[in-house]
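Per-chain residue numbering starts at 1, and chain names A, B, C, D and E are given in the order in which the chains are listed.
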Amino acid sequence: MGASGFEIVVNTIKMLAIFLLMVQLVPILVWVERRGSAYIQNRFGPNRVGPLGLTQLLADAVKFLFKEEFRPPSSVAFMYYAAPVLALIPGALAFAAIPLSAPFTLDYDGQTYNFLFQSYQLGAGIVFVLAVSSLGAYALLFAGWGSGNKYSLMGALRASAQMISYELALGLSLVGILMIYGTFSFSEMVSAQQGPLNFVLFGTPVVIDFLPNWGIFYQPLGFILFFAATFAETNRAPFDLPEAEAELVAGYHTEYGGLKMLMFYIGEYGHMMVASALLTTFYFGGWDLPFGSEFLKEALPSSFIYSLVMHLVFMGKVLFFLWVFVWVRWTVPRFRYDQLMDLGWKTMLPVALANTVATAVIVVLFNSVGR
Amino acid sequence: MEALVPILVLTLVVATFGSLLVYVSSILGPKKHYTRTKYMPYECGLPGTESETTNVSVRYYLTAILFIVFDIEILFMYPWALTYRDFIEAGHGAYIFWVMFVFIALFLFGLIWEIRSKALEWD
Amino acid sequence: MADIVVFYIFAGISLAAAAGVVFHPNPVVSVLHLVAAMVGVSGLFFTLGAPFIGMVQILVYAGAVIILFLFVVMIFDLKTDGKNPFTYGLVTHYAKLLFIGCLTGLLLSKLLFKLDGFEFQSPDPLAPQYEVRNLAKVMFTDYMFMFEVLGLLLLVIPIGAVALSRVRGGTHAE
Amino acid sequence: MQSSLSIEITHYLFVSGAMFVLGLAGVLLRKNIIVILMSVELMLNAVNLAFVTFGYYLQDVNGAIITLFVIAIAAAEAAVGLALVVMIYKNYKETNIRFFEHLKG
Amino acid sequence: MFYALLFAPLIGFFINGVRFRSKNAQVAGAIACTAMAVSFVSAVGFFFKLKGLPVDERALQFLLFDWIKVGDFSAPMAFTIDPLSMVMTLIITGVGFLIHLFSVGYMSHDERPAKYFSYLNLFVFNMLLLVLGSNLLVMFVGWEGVGLCSYLLIGFWFTDPAKAAAGMKAFITNRIGDAGFLLGIFTLFGLTSTVSFAEVNSYFLNNPNMLSTAWGAPVTLACLFLFIGAMGKSAQIPLYVWLPDAMAGPTPVSALIHAATMVTAGVYMIIRLNPVFLAAPNAMMVIAFIGALTALMAASIGLVQNDIKKVLAYSTVSQLGYMFLAVGVGAFGAALAHLMTHAFFKALMFLGSGSVIHAMHEEQDMRKMGGLRKLMPVTHFTFLMGWLAIIGAPGFSGFFSKDEILWMSFHSPRGSIVLWVIGAVAALLTAFYMTRLMAMTFWGRSRVPENVHPHESPLSMTIPLMVLAFLSVFAGFLCIPHGISTILPGHPHNFLDEWIHPLMASFEMPHGPNDLAIEFTLMGLTLLGILASVLLARYLYITKPEAADSAAKKYSAAHKLLLNKYWVDEAYFKGLINPIIRISRTLWVRVDVKIIDKCTYAVSDMVKNAGGGLKMVQSGNLQVYGLYILIGLVFSVWFLL
C-alpha cells in the first residue's frame, strides 16, 4: 500500500465497500433463506412487503430498532453488550483478506497505481483467516457468560466446543491443498488455478482441455471435509446444536433481542460468506471464469471493468454456496450432540489425516501435481 | 507490517459500527417499568428450584485440551505443507516425507489412544 | 510515522492488558485481559516482520489456550477472589516486592542504557529472513529432532490430561 | 538511543521486560492458581517477544523457530496445568495457591 | 545387516522378556530361535562379504554412537568385524542357534520358558558385544553381560538353594577375575593411552622394544592382570571352581555358555591381543604352565566323577587348559582351532548328555545308566562322534587341533618338553575318562532303575545333535596342521590359520630338518597312549566292572583325593573365605559399630539439626519457591549483563 493520498483514499473506499458489501448481503440472504425455505417446504414465505417480499427485512430492521432494551439482572453488562459487537469482527476481518476479484490499475495524476480487489493482502493469508475466525468463539462465550443464564452458558459451551472440534478437521483438510499449491497466499492460489487442468504424471505432462484447473480436481476429499466442517464452524444446520430450541431455548443468544440479535445474525451470515468465499478460492478457482478469463481480459476496455466483471463471477460462485447452505439447512435433519462430536473427532479427523498422507505420497510420487 | 494499518482501521470501523448499533437500539427502544416478576427466571410459572451454579460436563474442557494439542500439531504441518514441494525439488522428498510421517504417526497414535480410551465419548 | 503509532498502540495494549491480568481481582476479567495482551504481542510480532508467528500466536493462544482458560473459569463459575486477591506472608511479601523492584531496576539500567555488546544491523523491513518458507526449511532440517520430540510431547500431553480427567460426573457433581 | 521518534530494539526489549516483570509479579503475588498460570503465559510471551526481537535485529531465523516451539510447549504446559487444577477443584473446591501446600507428602 | 546381526537377539530378549511372557515353550522358543536365525544368517552373509574383500581390508567398522568422550580419550560404541571376530560370531550364532533349537524340546515342560529364552537371547547379545566390540571397554561391557547371564541361567531354577548358591559362586569367582581384567585394561591404557584393539595392537607391533622379559615390566603386569580376568571367565587354576558347580543350570545352558562360547572368552581375548602377549614372554610362560596344569588336574578329577555333567564340566576345564597352553606357547591359530572344534564337540556332548538326562527323567548319575545304546540310537551315535573327536581319533576334528597344540607346545620357542609331557598325559587321561563315560552311559549292561523308561528324544533335540556331530567330525579339515597336510593327498591348506593370519603378530617358528619326523614320532606316541587308555577303560568298565572297584580300593588315598577334587573347595573355604568372613565380622563389630558408626551418627545428627532449621525454607509455598528463583535471577542478571 503506497503512502500517497490517492492510494489512501482508494484503499479506504475499497475497505468500506467490502465491509458494506458484506453487511448488505445479509438482508438478501435472510430473504433468500426465508423464501427458499418456503419454496422447499411448499409455502409462500414473506411476500407482502415489496415485490416478492424483498423489502421485508427493511421493515424488520425498523422493528428491531424500536424493540425494548432489556438486560437480565444477573448478566454482566460489559460482556453482554460486547458480545454482539465481537460477533461482527471476525467475519469482517476475514472477508477483507480474501481477493474478491482480479487486481486492477487506476490512473491518477499521470501515474498508474496497482490495486488489489481486497482490503489488505497478507503473505500468510490462509493462516490469518483461520486465526481470525478462531476468535469467533469469544463472541459466543461472552454472550453465554454475560447473559447470566444457564441455557445461554450451555449453548455457548456447546457452540464453542463444536467450533473448536471442527476447526481441527477444517485446518487439517487444508494441508492437502497447501501441499498442492505450496503457498499461503490467496492470490497466488487463484492464479495457480487459471487455465485448463494440467499436471505431470510420472514425468509426462498431461493436459485435460475440457476441465478447468481447479482445486476440487486435486483435492475432492479435502473439499468434502472442508465443506462439511464449515457447516459446523458456522453453527448452521444440520450442526446447529448450540441453538437447538428444543433443548436450549435459543442457545447463547437466548437473552438477546432486537438489533443485538440481528448483529449475531450478521456475524453468522458473515461467517457463511467467508466460508463460501474460501470454498470458492480453494476449490473453485476464485474469481476465475473457466475458458473466459483470457477472452474477457482482451475484450473489456479497462482493467477496472474487467475486475468488476470477475467480481461478479466470484460473487456468483459465493452465492451458489450460500444457496447450498440454505438448501442443506432445510433438507438434512439435525444431528445429536454425541453424533456431532463423533463425526468430527472420530471420522473427519482421521479421514483428513489420511487425506494428508495420501496427498503427500501422491505429490512425492508424481513429483508434480498441478502448479 | 504493511497490512497492519488497514487491519487496525477495519477493526476500529467494525467495532464502531457495532457499538453504534447497540447504542442506537438502546436509545430508541422504549423504556418500560421493570418489575420484580419481569426479572425472575421463567420456569413454567414456578419459582426456580435449581442452584445457580451449573453442573457442566468435564468433557467440554477435555475437548478444549485435546483441541489445543491437535491444533498445534496441525499448525506445525502448515509450514511443512508449504515447503513440501520445495524439498522435493531440492531432492529431499523422501526425507521430508518421513520427517512428517513420524510426526503424523505420533498424531494418529494419540488420536487412536484418545478414541480407544473413550475420552471422546459424549453421553 | 505509522510504524511508531502502531508500535505504541500495540505496546500500550499489551502492557495495560498484562497489568490487568495481574491486578484484576476477578479471574474472568483477567482472562479477558490476557486475550488483549496476546493480541497486542501478536501485533508486535507483525511489526517485527514475523506475521506468521503473530498469526500462530493468535491461533494458538487466543484461539485455543485462552478458550481453555475461559472454559475453566466459566465452568467453575469463579467469581472474584475476595477482597484481597494476593497472598500475604509476613516477610516474604516484602521480599517479593523488593526483589521484583530489584529486577525491574536492573532491567531498566542494564537493558536500556548499556546494550553495547551486540552488533545490530539496521534490519531491512523487506528482508525475507522471517518468511515462512525459510523458517520451515530451517525447522525441518536443523530442528528436525526437536520437531519430532515435540510430536512426542504432544502425544504425551493429551494422554496425561485424559488420564487425569478420567472421572465420572461434572464440575459441580457431589 | 538516537531520536525518540524511531522504534529501536530497546523499545521492544522494554515492552518485553516490563511484561516479564508483570507476569513475575502475578506469579509471586496472586492467590488464584488459574491467574498464576495465566501470569506464566505472560512471562513466556515476554520471552517470545525478546526472541523475535533479537531475531529481527540480528537477522537470524532461529529466534522465530524457538518462538514457535515455545508457543507449542507453553500451550501444552497450560493444558496439563489446567487439567491438574480442574481435578483439584473438582475434589476440593479450591483454587488458592496456599491450599496446594497441603498436597506435599 | 549389522544391526540385524547384533540386535536380533536383543529384540528377541525384549519380546520374550518384556512383552509376551508366554507359558508355551514352543512360542517363546520360536521367537528366540527366529532371533538367532536372523543373527546367524546375517553372520553368514558377513562371512561371504568378508571373504570377498582383499585380505588387507578384511575389517568392517560399525560405529553406533560416541559412548565416552573425555578430552583425548574416546571409547566409542563401535564394532569391528574382522576374520577373528567373524569366526567367533559364526560359532556363537551357529552353535547358539542349534542350542536354542535344542532348548525348545528340552525346556518344553518348564514353567518359565519365556524367561529362559529371553536370558539365552540376552546372553547371545552380550557375547556378540564381547567379540565384536572394537575396544576393550565395549568388550568389558559384554564380558560383564555374559557374566550376568551366566549367573541368571545357572540359578535359573533358583528355588533349589544349591543351584542358587552355584550361581552365586560363579558370579563371585568371576568378579575376582573381572577385577583383574579391569586392572589389566587400566595398565594397558596407562601404557598405550588407548583402549581400541587396533590401536593397542599396532602400538605393540610398531614398538618392538616393548618386548620385556622382566617380571615387573608394565607389559608383563598388564598381561598377567588380563590373564587373571581370563582365568575367571575361562575357569583356569585357581579360579576354575565355579565351572563344575555351574552345571546346576539347564543342560543347554551348560552347552552354550559353559562349553562353547562364554568360557572361551578368555582365550579369544588373548588371541585378540596377541601382539601384547607376545611382548611378555614371562606372562606367556605363566599362561602356558597354568593351562597345562589345569588340563592335567581337571582331567584327573574327571577320572572318578560319577555325575555325567560333572565329567563333561571337568573335561571342559581341561580342554580350556589346552587352549591356554596353546596361546601360552604362541600357537594362537591352534588355540582358535581347538576353540572351534571344542565348541562343536563339547556342545554336542553336553546336548547329548542333556538328551540322556531328559530321557532319564532328570537323572545325572552315571551309575544308574548303562546300555542306553539300543534305546537311544541317535543320541548314542552322535555322542560316539563327539567321543572320537575329543579323544583325538585320527581324522576327527579333535585330532587335528589337539595334535597341533601338543606339537606346538614342544616345538615352539616358548614351549618345552615339560609342557608336552603334561599335555600328553592329560590327553591320555581324557581318553580314559571319556571312554569311561561312554562305557558307563551307553555301553555295557543296563543299570537303569525299573521305573524309568528311557526313550529317544524328539526331533527338535536330535537335529541339533546331528548337525553338531557332522561338524565335530569334519570341522577339523578347516585347520589341518602343517605337518599332517604334508602326508595328505593334495596338501590341503590350513584354512583357519590363513584366515586369521593378517591379525597375528609375526612369530617365527623355527624350522629344523627333523621336524616332521619328531612330530610324527610324538604323534604316534600319543596315539598309542590314547589307544592304551581307551582299552584300559574298556576293560575296567565293561569287561570287568568289579576290577574298577578293586582298583579304587587299592589306591583309595588317590581315589579319595580325586573324588574330592583335591579338596580345593574345602581349602578355599578354610584358607580364604572363612578368614575373610572372620575378619569382616571383627571389622563390623569392633570398627564399624564402635568407631565409624559413631562418627557418622554425629555427622548425621548435625545434618538433621541443620535440616530442622532449614526446613522452614522449604515451606511448600510455591510462591516462596518462586521468590528463590527470582533472587537467583536477580543475581544472574546482575553478574551476567
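Observations on the structure shown:
Basically, contacts are C-beta pairs under 8 Å (C-beta built on N, C-alpha and C of every residue); 3 or more make two chains touch, one makes a residue touch a chain.
This structure is a prediction, so every number in the text was calculated from the model and none was measured.
Touch-path distance (fewest steps) from subunit A to subunit E is 2. Looking at the partners of subunit C and subunit E together, the chains they share are D. Taking B-C and A-B together, the pair of chains sharing more C-beta contacts is A-B. Chain centres computed from CA atoms place E at the largest separation from subunit C. Seen from the C-alpha centroid of subunit D, the farthest chain centroid is that of E.
Centroid to centroid, with C-alpha atoms defining each point, subunit D and subunit E lie 61 Å apart.
Per-chain CA centroids place subunit C at a distance of 5 Å from subunit D. For the pair subunit B and subunit E, the distance between C-alpha centroids works out to 67 Å. One simple way to say how far apart two chains are is to compare their mean CA positions; for subunit A and subunit D this gives 34 Å. In subunit C, the residues that touch at least two other chains are 3, 47, 49, 51-52, 56, 59-60, 63-65, 67-68, 71-72, 75, 87, 96, 100, 103, 107, 111, 132, 135, 139, 150, 154, 157-158, 161, 165, 167, 171.
Residue positions of subunit B touching 2 or more other chains: 3, 5, 54, 56, 58, 60-61, 64-69, 71-72, 75-76, 78, 82-83, 86, 107, 114.
Counting only residues that touch two or more partner chains, subunit D has 24, 28-29, 68, 71-72, 75-76, 78-79, 82-83, 86, 90, 97-98. Pairs of chains meeting the touch criterion are A-B, A-C, B-C, B-D, C-D, C-E, D-E. Considering their complex, residues 2-3, 5-7, 9-11, 13-15, 17-19, 21-22, 24-26, 28-32, 39, 41, 50, 54, 56, 59-60, 63-64, 66-67, 70-71, 74-75, 77-78, 81-86, 88, 93-94, 97, 100-101, 104, 107-108, 111, 114-115, 120-123 of subunit B touch subunit A. Those residues of subunit C lying in contact with subunit B across their complex are 2-3, 6, 9, 43, 46-47, 49, 51-52, 56, 59-60, 63-65, 67-68, 71-72, 75, 77, 125, 132-133, 135-137, 139-140, 144, 147-148, 150-152, 154-155, 157-159, 161-162, 165-167, 169-173.
For subunit B in complex with subunit D, the touching residues are 58, 61, 65, 68-69, 72, 75-76. On the subunit A side of its complex with subunit C, the touching residues are 122-124, 127-128, 130-132, 134-135, 137-138, 141, 144-145, 153, 157, 160, 164, 167, 184. Every residue of subunit C that touches subunit E in the complex is listed here, in rising order: 87, 89, 92, 95-96, 99-100, 102-103, 106-107, 110-111, 114.
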